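Two complexes come next, and they have one chain in common, subunit A, joined by subunit B in the first and subunit C in the second.
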Partner chain A sequence: MNVQIQPPRTPAEAALIDAFGERLSLLPGNGEVTLKRDAAIEAIKAGLPTRRVEAWHYTDLRRLLTAVPPFDATAAATPVAPLIEGSPVLALLNGTASKAAAIEGVTVSAVSEKLGDGTYAPALGPQDADDAIGALNSAFVADGWLLNIADGTVLEKPIELQNVQAGGQVHARFAVKVGAGVTATIVERQTGTGSALVSSVDNLVVGEGSNITWVIVQEQPDTATHLGQFNAWIGKDAKLTLFVMNTGGKLVRQEIRVVTKGQGSDFQLRGVNLLAGDTHTDVTMVLDHAVPHTGSREIVRNVVTDKANGVFQGRINVHQIAQKTDARMACNTLLLSDEGEFSTKPELEIFADDVQCGHGATVTEIDRNHLFYLMARGIDEKTARGLLVKAFVAEVIEELEDEPVVDALEALLHNWFQTHG
Partner chain B sequence: MLEIKNLHARVAETGVEIIRGLNLTVQDGEVAAIMGPNGSGKSTLSYVLAGREDYEVTEGEILYNGQSILEMDPAERAASGIFLAFQYPMEIPGVATMEFLKVAMNAQRKARGEDPLSIPDLMKRVKHAAGELSMDLGMLKRPLNVGFSGGEKKRAEILQMKLLEPKLCVLDETDSGLDIDALKIVADGVNQLRSPDRSIVVITHYQRLLDYIVPDSVHVLYKGQVIKSGDKSLAYELEENGYAGIIEEAA
Partner chain C sequence: MPAVQDTIDRVRKIDVDQYKYGFETEIETDKAPKGLNEDIIRFISAKKNEPDWMLEWRLGAFRRWLTLEEPTWARVEYPKIDFQDIHYYAAPKNQSGPKSLDEVDPELLKVYEKLGIPLREQEILAGVQKEQPGEFEEAGDNVYKSGRVAVDAVFDSVSVVTTFKEELAKAGVIFCSISEAIREHPELVKKYLGTVVPTTDNFYATLNSAVFTDGSFVFVPKGVRCPMELSTYFRINEKNTGQFERTLIIAEEGAYVSYLEGCTAPQRDENQLHAAVVELIALDDAEIKYSTVQNWYPGDAQGKGGIYNFVTKRGDCRGKNSKISWTQVETGSAITWKYPSCILRGDNSQGNFYSIAVSNGYQQVDSGTKMIHLGKNTKSRIISKGIAAGFSQNTYRGQVSAHRKATNARNFTNCDSLLIGDQCGAHTVPYMEAKNSSAKFEHEATTSKISDDQKFYVMQRGIPEEEAIALIVNGFVKEVIQELPMEFAVEAQKLIGISLEGSVG
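Then we have the complex of A and B:
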């Protein structure tokens, strides 16, 4: 007989369970929504994932999540300037949706409304036994934005979704349903001023033939815990480019779960992790090539300084019917400190027999020959190193075709090096 | 301009001595050719002058305008006016050529206490210099040296040299990998830079380059030492008879 022995609860686990008891009556929704919340907290009661759980091997959440701040209804968060000037902003301030901007071709509603009337209940709940972020978020989610982008809409400016925290806890949702033949860029900002515990879940459905670029910029202060999850389902002949940039946070896990649902669909992931201080940042992707004739390419570039610790797990599942899949994944790390660490785990699980799949990972230091060449032209060592490190990352940013977005991301890169270079 | 006295240098990692008591003096405005067989230490000499960390100077002195440069790092040497045109210029992905030129020129100006160049001023200078070298301006938008042909890389080196206006130019096998047309363009570029206050050290394996860049002096390097010096006729003598005679004579 197997006896499951539950270890004693950590202070963080206990705090979450207590907080649920206190919060539940204040959270929007009842009936089905409440049932979903109750079910979700059971997953937390069973214990946060440890390194024994394969998907959490490098991020032992039970050990790393040392404290959970209480909710702070008085925390005052203010919106930040949009990444691209003139973008319509849909802000979530201290977990609450503010006034919606009107955007042509886009129907916008607050998640709190849809929780309140119960229509959002089906979207709640962890996706599987390892989905601690989904469970945490489903238990506590209070608000967020729901967007419906109509068929044929072409957005001139990116829509910016902001999740701005000022301490306490914030559990947010951004759900975007994209119709057919849409061209749009969505910028997601995860930022703030406090030492919050943030969970933020995105659900994106991309309709036939649409071309969507989604840019996640996570720049939390180095006292905050950020648990993000991006879910996407890509339709026939549609293309999704996801760009993830992590430049902050004390404990960060950004999950990416993508399914190519329609033939001819394509997924591109570009990731930049700029890691400094005594922090832990984990980007974990699970990509399912679920139908024939789909492609994907993932390039993640990491810069590790100080005592920072980084993780990239990339799992590509090629289903048995997914013939002619073309998937390539690369993870390159520039290790600039002896005390920094980066762990990479690529996994390919292939059940189809006519596919092209590959992966590669490198961990390097700055190329001394390159450094000498630049210095031999009179560029001092610090500047030369900065140029080379920036170049390493900029290569990935410059692949984005949207010039204002490229410029804005390069400006963020520049700012990061001003502080950490 | 340059005075090298009893220089000994070795590979830092292995301790193998390459430069073994080298003496060389180059006057202001002089074009000095350094010739020698493979493995004589020609490229090592160029790297030691530029301050590459992979080599250690164990003995002797390098004086540049009377000052020792041994304690200076490559950037300080470059800012003081020493320029090395690489035999194999590095390909640096992600660094746009134009951006690199801007940073390099302004770094040197800053080190000399001058104001940075404005973008239009910089563009004008670069366009002018590139034009003189028959370079395609499109190249300047590409990452530094990435995908450049051998000839394009050498031209890019000379372009940098023209823009940075060094006082002491060291050209390491600038002729290697060049066809005759490219060689002429590169040599013209170098010749335009000849001036009474600028010295040029041309390191080459073959005499061919010296038909286009006519040297004031020729020095034969062998086993890390200058074993014979002379005027340009020494280069012709080497071309006729090879290195064997001179090596024997010196032994």
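Then we have the complex of A and C:
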């Protein structure tokens, strides 16, 4: 039939390709690393994904990514106070790893080192044809943190990974390898100032019997573009709880790709998206139940105000051998403005028969009966609405087991409502 | 429930992959040469004695089609179709269009008798008299026997006969083949054809617009409640042909019509293409009920042969308070690619979609619906039940969207999948898009197998395993079966039993 003609490059695509030409010699690593970078930029040269690419159906990156800021070597970013007081902080300031804090039971190294000696090369490259974030990040990644948590380590305080920038472009990596029998909480902060373009890829391997909580707090300024990706492989009898909170950014895509690798593993996702202004925020999850006897629960709550555009795509793949899978996914949205938009696509793809899988999705405004109940008790409408919306979101946060983390997240929630409520 | 017992008996009687309607009839046919080009379209148009505007319409669609690409987003796999290797027109000889029953080739009538579709009105009437209420298990092979149904019989590319025309005409209802409508009622066809599914809509719909050969036309005028069920029976008989039918149903202000569609094809090793377009238009306060029992040849146990069923069905609730319901039972076809949809344009309009999709062997089903809320206070409901067995893949794909002005749009979606066997797949891909804060959308989906608890519960009451499974499956699909007209409900229940044969137990 017809020959697929590649449309002309957008200014953003052209800017990325030009930037790669200029940056390559400055980026750490050569040999294998350079080959991987060259291969990754090819994917960008083939064009950014459009809505015709199913995985990007609601986030047409080609159309939405209108401008790409240049790299800014002079930008000075300063670390922010940790979410939990006293947490050891590993900061990445404008794309460069600062001095590492010493944490007992944890070996820390900078990604730039491992890129320099070529040992990080295998982790580079897009994972599949839909992986535009992986491609962009692999082409440009300069630094980040590598953590190795030893068997049996129990961390008292969460480790905080910070990616802070002041405009320009930043491409970061956080790779964490967790041994067996570890209990730890990791907080990832994505913040900064100015209209930056950020790509940040996390790779987490959870060892046997470990219990890991990972909290992503994305509060970029409302002019920034944030492209995040969280990859995790969960080992035998291990548990991973991922909490994602998006409160900022102009164009945000947070991908979550999780594989249950060991029998008896469990994945929990809790998401809170507070969308205001004209943000376009997309949370996309692909969960693979790859072995028998694994479980998962995903609950995502969204509040859409102003002209915000929210997206949640969640796909649960149950492989043929993954019998006895128990997977549930729910996505609930409060659409509070007529100019706002919310789209969701919860998918189930199931090849095993002895499974229990379900998903539910709702989009609605505040229940009038609930509102009436509160107003009948003398609470004014604005306060009553605020209470209900907050309760809708707080429910998800309260489920986390770590009390200081819950308190800190509730404080963030409170702040958001102060400015946007 | 007697029908359940009946299903089980039937399942027992029949061996694996015995397709009941797989016979072929030797009938002399008049065929267009293989291939697709403007001359073939002129040939079809000339065969149908169509006016010039119709030919131009077809050619326009064809030129558009040349620029389109086959869609690949559905979860179906098949070798590339050679569109030049198909006869686009095949008609029984000496058959220029529907005639009175006495003139129809007796061979053809035999085909329909064999299929259980009586075309002789007297027989149908006699059937009604004989029938006692509550005897559905006796209704057996003849699904239409228990009620008075007007039938339009489409054989390969042409409509061979339409029954009860006079009686319907008395009520003001026009029920005829679309080719006849183009000749006799051009003003109506011109006004409505292609207004719901435009010629530019999608690859298969555009192809259909260029080469459609026949189909049914229904026009129910203002305030008329159609006095009987209308039905079209599609039969593919000829080798190497494609069937491209086009159905257009219009219900004017306050009208009501219930329409049924059935289809079968002979058992063959090669795949045959069926690309239909159905357009429904409901004006103010009108209601259209459209039911399908799709039973095209699904291919053999090895997945060889079978019909490719690529269909575009769409209803337009154009007027206020209008209502369109789609009910479908999908058990046949090697590949099903079908999304009966509703455009809820009129204020307070309502769209429903009830579906059972059963797949076995190597069948692939990618089906679902679109509910597009445009008007105020519009409501839609989607109930979809997928049952996958054998090596089949069964996908629900649906979209619900509320546009900016669709205040108080309301949707409820429920799609459940049942897996029988560990080699099949069940998938759910719902899209929800809300652009209005007063919209209220709810979606729920589950996938599971028949739980051991359920099976145990039934079996401990002395019911053998196979029957227990059939009972649970029938319970699973009950919500949809209830929406079907009575005659179809019985047939549908039987079909489900047959389709699952070989996978139960």
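Simple rule for what comes next: the second predicted complex is superposed on the first by the 419 of 421 C-alpha atoms of A that agree within 3 Å, B and C clash if a C-alpha of one lies under 4 Å from a C-alpha of the other, contacts with A are read in each partner's own complex, and residues count from 1 in each chain.
Operating definition for what follows: a residue touches a chain if its C-beta (ideal position, glycine included) is under 8 Å from a C-beta of that chain, and two chains touch if they have at least 3 such contacts.
Note that this is a predicted model, so its numbers are computed, not measured.
For the composite obtained by overlaying on subunit A, subunit B and subunit C can both be accommodated side by side without a clash. Between subunit B and subunit C, C touches the greater number of residues of subunit A.
Touch criterion not met for A:117: it reaches neither subunit B nor subunit C.
When the shared chain is aligned, no partner comes close enough to touch A:278: not subunit B, not subunit C.
Within the superposed three-chain model, A:128 lies out of touch with both subunit B and subunit C [touch as defined at top]. In the superposition on chain A, contact of A:341 is made with subunit C only, not with subunit B. In the superposed model, A:384 makes contact with subunit B only, not with subunit C. When the shared chain is aligned, subunit C comes close enough to touch A:320, but subunit B does not. Fitting both structures onto chain A leaves subunit B and subunit C with a minimum C-alpha separation of 13 Å. Partner subunit B is touched in their complex by these residues of subunit A: 368-370, 372-381, 383-384, 387-388, 390-395, 398.
Contact residues on subunit B toward subunit A in their complex (touch as defined above): 50-54, 73-75, 77-79, 83-84, 86, 89-90, 92-95, 100, 103-104, 107-108, 111, 143, 160, 164. Those residues of subunit A that touch subunit C in the complex are listed here as 1-2, 54, 57, 320, 323, 333, 335-338, 340-365.
On the side of subunit C, the complex with subunit A involves touching residues 67-70, 73, 404, 417, 419-449.
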